[in-house]
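Okay, got some structures for you below.
Next, two complexes with subunit A in common: one pairs it with subunit B, the other with subunit C.
Up next, the complex of A and B:
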């Protein structure tokens, strides 16, 4: 196909050509970045938590009174005993937080006690010897806490756990050679904390963007926290008994002691609900970007159809002349297809620049990561195919213009 | 003439229904996407107290040294107990207040009912005047109550309804976290969004208004639990009791000063620097004074109160709208140029360029108006689903009002007319003689 005449014709339709190319360029820029945002958000939403999600629920229990540490500890023991009596409950642990809670407790981690800047930051879980069992966590190295290791502490009481179980990402960050077990670190403590166990995955409590550099880095210390105002109970049920146990658990707690507050709306949450709430922003973003991408591609395609149809209508006489001079249906069809391909190529060339420009701006303003090339290549393919698809119907109509048109006045 | 052009425009639009529908839909989708994201953006970025946002200042003092500043050179975002109390006592601003989050239990009047949690603040008397809290019954407590560590409380009208059925409860007692307080005031509904005065604790979009307020000094005496953010991110520190924690350099108390004029603010800043220098001389700080004074708008910008999701969605939607407009330019161009011969006839019969402009811009305005009306419907429909797109605390703030509806229509019409400038200009350039001849 000779592209010389096509270029010559396009020169006579500068404005239309530029507008289509511009539209393709802008569409490429937005679609690539939107797809990238969608992918990032979806992969965040689908990260495994490390816990037995199908069978876990969490109770936020607030005391009606402000208890001393000793009183609170006694109440917690009574509550745990009551919860263990609930039919279907497999295990239960008190904790200061749980994965994907949003916000929560984190400690700066150093390798030496006098280190000025931290090595990393870890989500700080306080749990007893039932913690791993109640969450359904699996040790990949080392051991669980022994009951005699578990200390009871009130808020702001001196906490100096001698041992900890850490998540694999934290172990690898501290000891990249895979020999973390038995080694120690400092977590805003005066004495070293020895790693006695490593679990594969234990997601952090916070889900904010600030903690992205510390993704998956968590530690568990053998401490039964007695907060003056209350705390969380993480309950694991036998398979299939989650709903029944979730209904029965608060009743059992109230029956045991009425001086407590369990919010009717947020007090008892299944882990599915926890996950749902944690990623509301991400899900919303993914949905919005998907809608915008879909509508955008549709509008761009419609724009190409509209403008090409107009050109076809305008050039009926010329097409007739070409047909009269011996051009086949196929020649006319391929003329318009090639014309669109040329415009699209110019559009995506400009679009690639815009795409990276937009990405650069998002990176600096919103700390998004740099767009991988695959997205741009994917976007180019999508837009070229879209252009060819959109132009096909008007081009087909053009190829059906009879040679007789050559004799009619314009 | 106007009506005639409009009629011409409508007739021409009817001639190419598909092309017209395409333009109208592009504009409608573009404007609806922009308006839905804008409706969220305007509430999250709004000024919660426009009449005095430049007179209320958040105070920051570096109490842990430059090596722990995060971000660099920035002092912690709240004060520790020692500095907060010292600045209160210095009393260098006409009004000043400090606060921390509390969530005490409230015992019901009827002993058979269960206790409930009431979130609120331990603060000082000036809080209510500085932040313009409206009162339904009674009044704020006084500075004398602050000094006397008085067991008094202000409750919200929501809590008043729950506890006292909405009756005037001033003078009655309420039991918070097992301690008795005398109610001195009941607020009217008061819930500025974003909750700028407690952005430190991430409460910007907390769904419910604060329910209780008690005297800071009394709350400290009774060790009423702090439910907000506690940041001890300085040098590693260890404490074995609440008492010890209280006197360490942990940031947990937002501190505000009301400074009516720029000169007052300047003076207060000088005072803060002097205070920090004094601490340095006393050997408590081992670094040069590093203080900040930010008014409400500066503070909200610094705290990045507007969620980045909201910003990105707004920008992407506007980008989307621009593409829709580019699309419209192309389609209008095609439409107008198709009528070159008609324009030629009109021009030959004596129509001026101006009249051609008027006619075609009217036609574009008609497209814009149709797009705006459809966009309005899409916006209203989309607002029902805004809960899917943004987190619930933020989504519930977005609402449709007259200004949003008017903006939608005006934006649709104006942008379409602007987009039509180039195609119209091209149409007006048509040479009558050439057109007539080629026919």
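Up next, the complex of A and C:
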């Protein structure tokens, strides 16, 4: 199909052509960036946590009164003993937070004590020698905490851990050559913290977008933290025992000491529920953006169908003349398909610029990553196919205009 | 060149059958200039559209350039229209979005002709109709007579075996009509076969042979009294 006469004809229909090309350009820009954001959100939702998710639940325990540090530590020990008696429980640890909890504790990390700008930021887990076991974490290097390393601390007491177990992403960020084990860092502490163990994955507690640059960077310190109002117990069950243990655990705790509150709705959460809640906003955002993309694509397709149908109606006699002069069905079909392709190509050419412009704005304003080229290429293919799909029905109608139409009065 | 034998064209609805052409016979020899006349509704245009393969017929046979075109598929009919037939319509039927050059080029592109040959033929045809200098003008920028000349150039550019003209001067004033008619005569003198449908007895008289259609049939004027009434009425309209 020769494009010169089609371009010549399009020049005589500038308004409709420009409007559709602009619509395609805007759709490309929005859809590419939206799909990228959706993909990023979905990827985060599916990231492994590093813990034995199928067999873990978390209890949020609030005391009925504020305890002193010593009293809280004693209550915690009683609770841990009670929980270990629950049938099906494999291990349990107290903790200040857990992966995907949302928000929580984090520390700026430096490699030197007097360093002014942090090297990175790590999610800060405080747990005892049962922490790794209760989460089902496996060490890939080094060792677990020894019981004698675990310190008991009140909330406002200074915490100066001398050792830590870190996640691999944190180890690699601090020591990119893979030699982090045995080396030290500073976590807002005056004394160095030595890395004694490394786990492959231990997701952060916070899931906000601000922490994306520090994804997966976590540290565990051997501190049994006594918070005056209560805290979290992370419980790992034997396979298949989760549901029963989740039901039995709060009863066991109440039986041990009734002066507490475990929320009937949010107090005991399976890890599956923790993950579900952590990414509720991401899921909502992904659904919203998917709907926006679908609506935009539908509007663009409808615009193409509408304009082409209008043009076919308007040019019915002209099509008849072309048929009379020797055009076949296929010639007419291909005329309209090519016409749409040319408009779409102009649209996506402008759209590529808009796409990167919008991405640049999102990168600088909302810390979004730079859009990979594959999204733009994918978007171009989607828009071109959409255009060809949308124009097909009216083009087919045009191809069925009989040559006799040329002799009908205008 | 063009031979129709016992040809019929019937338009059917649920309740009525209308014969546009009935037992229609015509034989146009190569190089002839035939004017087809007849009153409104007599079947002139139906004859021309069937002759130009713009629509199909119901019965009988039609040979165009010694080829039986009765049972050809749509693509084959498109090819014959493109290669053997040149159309000149009453309403010119130029494509308003294309300039003169591109309009004349339309049938040549459908023939798959290479660009240099297309250009040569287009400029040759435009020179012949005296509009080579208007190649870049759009139809709306031309007078009615000029538009019809462009349409003739478009019909000529493909060197068709048969030129079909449907009231070619119907939308033109007398002076422009005369110019177009002279052009057709000149084309005929160069050897083209022309079949022209017209209401105008004066134009018809300038053709080599007249064929008269009344009620969907070719009639012999001397023998058919219907013609005298119809002819008188048509002539009266023209004079009036």
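As a working rule, the second predicted complex is superposed on the first by the 410 of 410 C-alpha atoms of A that agree within 3 Å, B and C clash if a C-alpha of one lies under 4 Å from a C-alpha of the other, contacts with A are read in each partner's own complex, and residues count from 1 in each chain.
One rule holds in what follows: contacts are C-beta pairs under 8 Å (C-beta built on N, C-alpha and C of every residue); 3 or more make two chains touch, one makes a residue touch a chain.
Remember, predicted model here, so these are calculated numbers, not experimental data.
Colleague: Please work out whether A:80 is in contact with subunit B alone, subunit C alone, both, or neither, and reply first, second, both or neither.
Modeller: Touch partners of A:80: none, neither subunit B nor subunit C.
Colleague: Given the touch rule stated above, what does A:157 touch, subunit B (first), subunit C (second), both, or neither?
Modeller: So A:157 only meets subunit B here.
Colleague: Please determine whether it is subunit B or subunit C that touches the greater number of subunit A residues.
Modeller: Here the partner covering more residues of subunit A is B.
Colleague: Which holds for A:5: it touches subunit B only (first), subunit C only (second), both, or neither?
Modeller: second
Colleague: Counting only touches as set out at the top, which of subunit B and subunit C does A:324 meet: first, second, both, neither?
Modeller: second
Colleague: Please work out whether A:287 is in contact with subunit B alone, subunit C alone, both, or neither, and reply first, second, both or neither.
Modeller: A:287 sits against subunit B, while subunit C stays out of touch.
Colleague: Check the residue A:296 against both partner chains and state whether it touches subunit B (first), subunit C (second), both, or neither.
Modeller: Only subunit B is touched by A:296; subunit C is not.
Colleague: With both complexes overlaid on chain A, does A:407 touch subunit B (first), subunit C (second), both or neither?
Modeller: In the superposition, A:407 touches subunit C alone.
Colleague: Applying the touch criterion given at the start, work out whether A:108 contacts subunit B, subunit C, both or neither, answering first, second, both or neither.
Modeller: first
Colleague: Would you tell me the residues on subunit A in contact with subunit B in one complex that are also in contact with subunit C in the other?
Modeller: 409-410
Colleague: So in the complex, which bits of subunit C are touching subunit A?
Modeller: It is residues 45, 48-49, 52-55, 74-75, 78-79, 81-83, 87, 89, 91, 93, 95-99, 102, 105-107, 109-111, 154, 166 of subunit C that touch subunit A.
Colleague: Can you tell me which positions in subunit B touch subunit A when the two form their complex?
Modeller: Its residues touching subunit A are 18-19, 22, 25-26, 29, 33, 37, 67, 103-105, 107, 114-117, 177-178, 202, 223-225, 227, 232-233, 236-242, 244-245, 307-309, 311-313, 316-317, 319-320, 322-324, 326-327, 329-331, 333-335, 337-338, 388-392, 422, 426, 438-439.
Colleague: In the complex of these two chains, what residues of subunit A are touching subunit C?
Modeller: 2, 4-5, 8-9, 12-13, 317-318, 321-331, 402-404, 406-407, 409-410
Colleague: With touch defined as at the start, can you tell me which subunit A residues reach subunit B in the complex?
Modeller: 15-16, 19-20, 22-23, 26-27, 29-30, 33-34, 37, 62-66, 103, 108, 110, 113, 116-117, 155-158, 160, 186, 188-190, 209, 227-229, 254, 258-261, 263, 280-281, 283-285, 287-289, 291-292, 295-296, 299-300, 302-303, 306-307, 310-311, 313-314, 358, 362, 365-366, 409-410
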